[in-house]
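Structures follow.
Heads up, the next two complexes both have chain A, just with different partners, chain B and then chain C.
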Partner chain A sequence: MSIKSGIRKVRSAMVALTTSALIALPALAGTAMAGELVINTDSSFPAVKKAFQSAVTGFEQENPDIKVTWNVFDNEAYKSAIRNFLSAESPDLATWFAGNRMLPYVNAGLFAPIDDVWAENGLDKTLKAAESAVTFNGTKWAVPYTYYQWGVYYRKDLFAKFGIDVPTTWEEFKAAGAKLQENGVTPVAIGTKFPWTAAGWFDYLNLRTNGYDFHMAVTRGEIPWTDERIRKTMGHWEELLKAGFFLENHAAYSWQEALPALVNGDAGMYLMGNFIVAPLQEAGLTEDQLGFFQFPAIDPAIAMAEDAPANTLHLAAGARNVAEAKKFLAYIARADVQTRMNEIMGQLPVNAKSSVSDDPYLQAGFKMLSNVDGGLAQFFDRDASAAMAKAGMEGFQEFMVKPERLDKVLARLETVRQRQTQ
Partner chain B sequence: MFPTPIDKTSSATRVAYKVALPVALLLWLLPLLAVALTSVRSSADITSGNYWGWPTSFNLVENYTAIFTNSPLAAYLLNSFKVTIPAVLGAIALSSLTGFALGIYKFRSNLFVFFLFVAGNFIPFQILMVPVRDLSIQLGVYNSIYALILFHIAFQTGFCTLFMRNFIRTLPFDLIEAARIEGVSDLRIFWYVVLPLMRPALAALSVLVFTFVWNDYFWATVLTQGAHAQPITAGIKSLNGEWIAAWHLVSAGSVVAALPPVLMFFLMQKHFIAGLTLGAVK
Partner chain C sequence: MSYVTRVWQDHKTTITPWLFLLPGILMFAIYIVIPIFQSIAISFYRWDGLGEKTFIGLENYRELMRDDIFFTALQNNVIWLVLYLLALPAGLFLALFLNQTTRGIRIYKSLFFFPFVISQVVVGLVFSWFYDPSFGLFNTGLMKIGLSPIPVLADERFVTYGVIIAGLWPQIAYCMILYLTGLNAVDGEQIEAARLDNVRGWRMLWYVILPQLRPATFIALVVTVIGALRSFDLISIMTGGGPWGSSQVLAYYMYEQAFSEYGFRMGYGAAIAVVLFAIMLIYIGFFLAKMYRDEKGR
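And then the complex of A and B:
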């Protein structure tokens, strides 16, 4: 560390020298600017790393005068490292997540606004899908470069065998589940040992019962948890719990440990993000067996909104190479770049003009998300603050195991919310 | 003779023994077998819930290649050696000196100092977490292998001193007195008389401390982050994906991580067993 800070000092001294030289010789400033760009990413996973590699290489080819320094962090370590490096030795660009998850850094003045990048490149049209997720107080704070859909993954073959159609309404959904139960199949697989999976159900039930704006107000902590409308959401959840919709002993399984139920045909559906497809295909489920459908409507008057967590690239407030960084932001927002990156990652490009790989699940997700009127949520643990998300997810898990404790759970969540808003 | 040798007991006892032994052995080794078996499975087996059955395909080569090509496991493995070897050398070197001092010199606070070393062993090391982390930050070694080396030397020296001091006590004191009468300096007595006699203790202790330090997970996660400094015990989790825990790879990684101490044990087995009974009988 001491060596590092030494280097840091030398480096900042050098920067100071160059800047003073530039001030002294303004005429030369234009030509003397050797382009440099420092990007920190949390992409230690092979596919994500490869995708960023292709983006960085492509950028350097297009801009031979800019030298890119690209630091790859371990995904978990990045979450604590970002606080350090943004305030100590700032890179120019850093990856992070959309939604309320970025607010602490926005509020602390560690991310810089990039409205000009959005305006100059017409991103409000091309990146419309995730625009609301990177906007705060009317200002744009990031460029989203990838996202993925959530929805219900189901056993197509079992549905066909029992004569069940893909449900589009709440009644149809409950009927489909009842039909599966008649045939000895648990309607829904879920593992809530790590309780974020239960939050997926809350997100969807609340989005479908009360709509996007209300759901976002809840996650921002503006609505009391004891509100009647939240009770209505929980009431829908309780219907399913009472009917025995969910896998027994779900609190003993992680989300992966609940997968065998779907693979072996003991369960018919799984509400999950698109990353569920890879392990299921590896386990032998074909496209004829595994299908995808949008979470059914509950209140037809409410516009459909979806969970679609986006990953984003941010301009650091302490960036030294702002012009180069903005160039890279515009570059990574481009349709062709997002097509290539997401092809490698197996995810969805945010740019509406990008093309999506032939994968049927990505195609289905792309189609669904392109027609969303309600808005895109980022998932409960990204939309809510860290403390609220933790308490919320634990509460949902408890509710799923002991529905009769609903009042207690909601009262506890309300205490956490009030502590936060004070 | 106690205990009575099995072949001299009643036939019923002998049968029960012969049945119970393999069963107990299997039960005892079950977790290890599970890890070994999982390390050659495909991820398909794990997703379809085939945890204990016969693997549908044997992916020995794939899995063990994947852990080195898809993740910085080699770097973690190297870190483990970089931490463990200096820590073992440091702890052994220091403790043979302290053991010599406490075993040979007669001074008033001898027993008190000795108890200080022993008492260190009784502190649950978890309570040291926050102070040691702060200390390592202030020393500027946080998040580097030096943090781990320094801590392990400091912590292991307590136990090693106990071991060394007791071993040196069993050496015939006449040897040291004879050398003193000849006018040999204490440092030379340590080097030429005591150290050669301590060889079995040194070997036994090295193996023991090697496995202690190598298997440490707690300090590896408290004092270091990332592939540049973390040893393999902490690095195994990097084999998991962003959403998907790759248990087959984690198992393969665990087997690799367990190999060095196991090898070390078998290579030094003779010394190790000798070391356990050292000083037990006079």
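And then the complex of A and C:
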């Protein structure tokens, strides 16, 4: 059996129009094919691409009678391409995101339910961590294959130098920031030019102030933005803003452009997903310098909940090779497959029976997420609807620069929420 | 003689022009006229681009009236339009300056034309770095003279002007090249004659040169106004409409509402496009009226 790599002709003009960034489509050449399978993925990042490569190769070895066509899209282009290819010339499987992000496709009947895959393979036990995020109206719509933790990445060496302990409470956190400031270090680095980073702070402050259930109700649009409990969350945020916790001129930087502050030791902490580790290590931070801790508790009575966005694989409603596709879904849900893929990607496997690579940050994240009793959120822009997410993120950005506009910002978010629930 | 041939024989001169126009008319209808009416139609619906369309009448327009960001975008479009017109006198000045015969003048001309040749995306990136609050040339300069740095692209007061300046850089070069070609066509004998009458300086420019540059001015005005109204790439690269929508313009807001990651409100996007179209229509009307007058006067 030989694997032929190369650029294959794009089969649909529709897809070709919208996805100039189609990269490479390795295809299996062979004889006597019983079945075919077409998978579209947004895995243009090298590590993610390699992980999918290994999954596809492994699947082909186990199922030599199935010919897999695997289309890799550029990450950003995929977000608009998926709308076209799902309704024009549908693949059998497509990657996407869990949470509210998948609802437009579920509602438009472009994703197919896969309750049988979950039931036959006992996935409700092995993939429990992300089960609620792929369930809608009691039906399962995806198989999650990877996720990663959010938390505070900090300069271990600076904390040690100034005699700061890892904060576990709100008071300790503020004290740690004050201590950093005394030594001329900005407590928190952030870049809000693309304002989703500000939503990370809202997620954590709200999860810690009001708990998981309330937070999810907010993102579902069930709570008015002018609610006292949201004001309480924003009040905690305001404390940090008033104290000058955040990097100056953060609205001028993307999250990557704010990294040098942490690398140079001008800032001490950074609230981010685990994908921050790779660029920081490339910039020269060692394991002795870069540490990770769970976002501290604010209200001790509230169970700790975390942001842990999962990436998912969906069965397209227009799939022509449903049996083969379900076989692949069962395959990618397996513990050994997820172990291997996530080892390559540097992320966490969703399958509880998978093992986690010995990377210290992943180990720390895995330990944290295994002990979460509050619940796992998918991140603001995946939990909230698209329009709410956009208005929210811009509002948080404005609030971070102009805290005095809180009332105006909340009123605007409330208008958007009311329009949604109409 | 068959009926068809007879009709052809009788009306040859009326039918032929239409036959020649047909490919153009078809293309224009398919790619421009029909989409315009489709956009207007979509603006009366709520539609995410995937599911069913729901007819909501004028609701999208009513929402526009309550939308702060829409008015910010509208206002910014006006600022763009006004400031972009500076490209005309600036381009004219550069053209007059470069319209001389010195050694290597071609190299200088090409260098001045350079900003127009490079992609708007590159212009946007270059100016983003220029304005960067920690290492950008602009703020380094400010600090040298003892001022504190201004994060131009993150400050709602300056951001639109910052982007417009970036846009003017290539636009001035474009106007300059238009005027340079125009200056080539200026009649030397008229200048000679004016000189004999002791005309020089501003009066020469205003009464002798500029009237002869009218075609160049007209084209420069057209491309500048259109450039200002469809400003998109620089916004997309430099600010994404931010901070919090304060550098938004109609073209980008339409894209964001209809096609961006958090958009897919096709109806609302279409409503914004209709407003932008209406604004352009005023200008297009003026343009057509002038064309018509010129044709008639000939």
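Keep this in mind: the second predicted complex is superposed on the first by the 389 of 422 C-alpha atoms of A that agree within 3 Å, B and C clash if a C-alpha of one lies under 4 Å from a C-alpha of the other, contacts with A are read in each partner's own complex, and residues count from 1 in each chain.
The rule is short, and it goes like this: a contact is a pair of C-beta atoms (placed from the backbone, for glycine too) under 8 Å apart; a residue touches a chain by one contact, two chains touch by 3 or more.
None of the values given here were measured: they were computed from a predicted structure.
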Now for A:A108: first (chain B), second (chain C), both, or neither, which partner does it touch?
second
Considering only the touch criterion stated at the top, classify A:T57 as touching first (chain B), second (chain C), both, or neither.
neither
If you stack the two complexes on chain A, which partner ends up touching A:S80: first (chain B), second (chain C), both, or neither?
both
Which of the two partners, first being chain B and second being chain C, lies in contact with A:G273: first, second, both, or neither?
first
Touched partner set for A:D381, first chain B, second chain C, both or neither
second
Is A:Q256 contacted by the first partner chain B, the second partner chain C, both or neither?
first
Footprint overlap on chain A, comparing chain B with chain C
80
Chain C residues touching chain A in their complex are 48-51, 63, 66, 68, 131-134, 149, 151, 153-154, 239-240, 242-245, 256, 259, 261-265
Where on chain B does chain A make contact in their complex?
42-44, 46-49, 70-71, 137, 140-144, 225-227, 237-238, 241-245
In their complex, what parts of chain A are in touch with chain C?
79-80, 83, 87, 104-105, 107-108, 110, 192-195, 248-252, 381, 386-387, 389-390, 394-395, 397-398, 401, 412, 415, 419
If you look only at chain A, which of its residues touch chain B in the complex?
1-2, 44-46, 48, 73-77, 80-81, 254, 256, 259-261, 263-264, 273, 275, 278-280, 282-284
